[in-house]
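Two complexes come next, and they have one chain in common, subunit A, joined by subunit B in the first and subunit C in the second.
Let's look at the complex of A and B:
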């Protein structure tokens, strides 16, 4: 039986799910996520839970409430990509991660954070292993109302080819990008530098949308029905406030307040509504690039490791383009490839060149 | 952002920040001005807002009753329950 890990954003009946937050410390879900059902039906053994940063919105797991850090494991890990953390981890640790096309893998039973962009993906040591696990996960699930029809989901793994790649360096000069370019070119794939244009501003829109959605999603954590409850309170109002204040970490509190601000009547049109319109402009910018190219190559992160002064709301500049558009993204060889919707299989195939699989 | 606005945001979101956290959040908001400027520089006149990234029509399921969980299963993670009810502090004095 093949072993597989799940990140701590995926609900499991037999194992606790904390979402990296004191708010859900020890929480036992009454049901399994759809991806857990699919994996066990396909014969996978759930080997355990991989830690995540609080609600998976940080750089690479540093805000986990117990200080647990993500480590490279021997088996593949199914991970929810909310704000690019799995892609940054893969890039900095020589792993492969696919964030699939939005709506081809069920999010039923994942801890909801930024529902309009988050996707369940797979991290593994090779692109072929990612593809093997992803083939188990894709398919319609009527419990997730944002999914495509079954045939459409499965078409993402169909035979397509990446022949031309647009390189958007986003101002990052990295050996990984240079190496990836020469590897692709050596394998007959044309690579040309393209100006990122409005795609550079994807994180400005994503930060607004993600925080607005997070603000709404975590409003359910009130210390009443499940999760953490403060010990000291005099009345219901104090119970809510003390429970949320004691359980949420600083990054999540920041995201809640920012999300609440952009949704307020004063800012709704100038910030939230504007971000939704910019989202369409960015989708159209990708559509324009994809008229000539099959995929876009860009950095997944700006550095090989982070310090306390690094800001996820700035660093997600590289992962936000795929998050805000729902396009598939694969990180391999330290770089990121973003493809047309439903080109997930083709992206993994071309990523195998970057990880030198079969050589 | 004015401190009063932050106080209201904290109130509606049921959060209490220390003075240090308030200063830190106000600095965060200053940094977000760069995001707002970047968005304002993009022409969105005659651009429709995009709620769903993919052309997905939310399909409403048939309204069929399904017994998915027992009360005990749903209350297993509750901080405090009594006789099958969620327990909260007294709300009527």
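Let's look at the complex of A and C:
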């Protein structure tokens, strides 16, 4: 039996799911996520849970409530990409990760954080292994109302080819990008630089949308029904406040405050609504690039490892474009390729060049 | 100075669907605490909302019944606030593009007809219920009602008296019951009402300070609350007894007073935004036409038709048109037997009697009108006697039967062989010499004794009038 790991955002009946938060320490779900059903049916053995940062919104897992960090495992891991951390982890550890096109893998049974952008994807040592696992995960699930029809989901693994790649100029020079460019060109793929333009604004829009949705989604963790409840409280307000103050970490609290602010009636139009409009502009900018190119290459992160002074809201610059548009993104060889919607298979195929698979 | 009251209503109505709005749990009233719950409607992680299409059907139906414009693209939005009976700490409702807008409802009061404008109708999920246990001093949550689908009907501030409010609520109830959107039972909480009220000098076009009384669930309480609140406002304006502020108030029907709950400053910001998990719902022409096609005739149109075309009395037509189920049954019974007056009589006396005994409301009637029509035809054709027909009707409430077949099986068919009937009568008359003598000496009652015996022997299969005449004829002939 093939083994597979799940990150701790994916609910399982047999194993506790904490979402990296003290709020859900030891939480047992009464049901399995859709992807767990699919994996089990395809003969995979769930080998265990991989730790995540609190609600998977941090840089690379550093905010896990128990201080557990992701270690590279021998088997592939199915991971929910909420805010880019799986892509950053893959880039910094020489692994491959695919965040598939939004709406081709069911989110039923994943801890909801930023519903309009998060996707269940696969981390593995090679692009081919990612593809093998992804092929098990894709397909319509009527319990997730944002999904595409079954045929459309599966077409994402169909025969398409990446022949021309746009290198998105985000003002970063990196050895990985240079190497990737020459590898692609050596394999007959055309690479040309393009200006990032409005895509630079993806980060600002995404941070607003992600925090707004997080604030709303984690509001159900109120200490009433399940999860953490403070020991000391005198009334309902204190029960809410103390439970949430004690159980949430600083980054999640920051996101809640920021999210509440952008959704408040005073700021809704100038912040949240504006972000939704920017989201559409970014989608159009990608559509424009894709008239000529099959994929866009950009870094997945700004450095090879993080320190305490690094800020996820800044670092999102590289992962936000794919998160905010729902386009598929593959990280391989330390760089990120963002493709047209439903070109997931083609992206993984071209990524195999970067990981020198089959050589 | 003379004052006028300005009232706008927000009416919440639970829709008559089998299941909840975003999951497949039962939406039925009652049940043991937390019997009708699943991970979705009690807010557990991992569940995503899947819209119940029937809810949208009923939302559109309500909109069409109240002459609204139907928004062809309608969306669901999230409204955030914390309360233990709201498991996700947000309510999924419609804020940006509700299913229906800009309607009118015509009401009739002692002052005549008046149009009340409807601002909008939106669909949303209900919250659960808190139960306080005095014994252990704890509060428990019952999620049975969580996510039961509601529509909220928001009127413009066009109402100006308790009488108009009552007429408006009764009109809403009648229209929505007729369209089978809801049973609108205030006592079960399937119709609740928030009253927004302000007072201004008569003739002024400026609105006064508005207060809102929430969750009113009986017509008489609403009348009392409006009277109290109007007096309080006028008192404040005339005598400066207190300063009026925009606030939410709770009506205590036992004390007969309203109490301040929260004012504008302490009111929460609901932070509405579109639910990313529910795609916008597009109502295409086909869907729109399908719902349009299911709309019933308005009750007053039906009533006029029953009187004008079918010759029913005003009284009968009024009773029938109080319930859609009665109308449906009446119309198909009439279509089958062709006798409107007979059909109305059967429904308004015998059928209502049975419902009464079963403690059911007319709206709960499930009797097949066509079958009732067949039964009526058997009687008017003289094939089954009225007393036997009543027995058949009772059986029709218990099982699915064909009246003619059942009458035959039970031996309820009136014999057409008058010779045989006469022979039976003659036999009984001859055997009962005393009754015959009594009758002949003027004791009318004696005839009843013979009549009873004959009816029993004939198993009721004889028209009472015919039988009575036959007995008299036989007595006179001997």
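By our rule, the second predicted complex is superposed on the first by the 358 of 359 C-alpha atoms of A that agree within 3 Å, B and C clash if a C-alpha of one lies under 4 Å from a C-alpha of the other, contacts with A are read in each partner's own complex, and residues count from 1 in each chain.
The working rule: contacts are C-beta pairs under 8 Å (C-beta built on N, C-alpha and C of every residue); 3 or more make two chains touch, one makes a residue touch a chain.
Just so it is clear, the structure is predicted and the values come from calculations on it, not from any experiment.
After superposition on the shared chain, subunit A has more residues touched by B, the comparison being subunit B against subunit C.
Looking at the shared chain after the overlay, A:240 reaches both subunit B and subunit C. In the overlay built on the shared chain, the residue A:146 is in contact with subunit B and with subunit C.
Within the superposed three-chain model, A:224 lies in touch with subunit B and with subunit C [touch as defined at top].
By the touch criterion defined above, A:201 reaches subunit B but does not reach subunit C. In the overlay built on the shared chain, the residue A:11 is in contact with subunit C alone; subunit B does not reach it.
By the touch criterion defined above, A:115 lies against subunit C but remains apart from subunit B after alignment on the C-alpha atoms of chain A. Legend: residue contacts after superposition of the two complexes on their common chain; A:260 is shown touching both subunit B and subunit C.
Of the two partner chains placed by superposition, only subunit C is touched by A:213; subunit B is not. Shared-chain residue A:248: touches subunit B; no touch with subunit C. Across the two superposed structures, the residue set of subunit A contacted by subunit B and also by subunit C is 27, 29-31, 116, 142, 145-146, 215, 219, 222, 224-226, 236, 240, 260, 264.
Of all the residues in subunit A, the ones that touch subunit B in their complex are 27-31, 101-103, 116-117, 142, 145-148, 198, 200-201, 203-205, 207-208, 215, 219, 222-229, 233-237, 239-242, 244-245, 248, 250, 253-254, 256-258, 260-261, 264, 270-271, 273-281, 283, 311, 313-314, 324-326, 341. Interface of subunit A with subunit C (complex): residues 11, 17, 19, 24, 27, 29-31, 33, 107-112, 115-116, 142-146, 212-213, 215-216, 219-220, 222, 224-226, 236, 240, 260, 263-265, 268, 272.
Only residues 1, 5-6, 9-10, 12-17, 21, 24-25, 28-29, 31-32, 34-36, 38-44, 47-54, 56, 58-59, 61, 68-69, 73-74, 76-80, 86, 88-91 of subunit B touch subunit A when the two sit together in their complex.
In the complex of the two chains, the subunit C residues touching subunit A come out as 39, 42-51, 78, 80, 82, 84, 87-90, 141, 269-273, 276-279.
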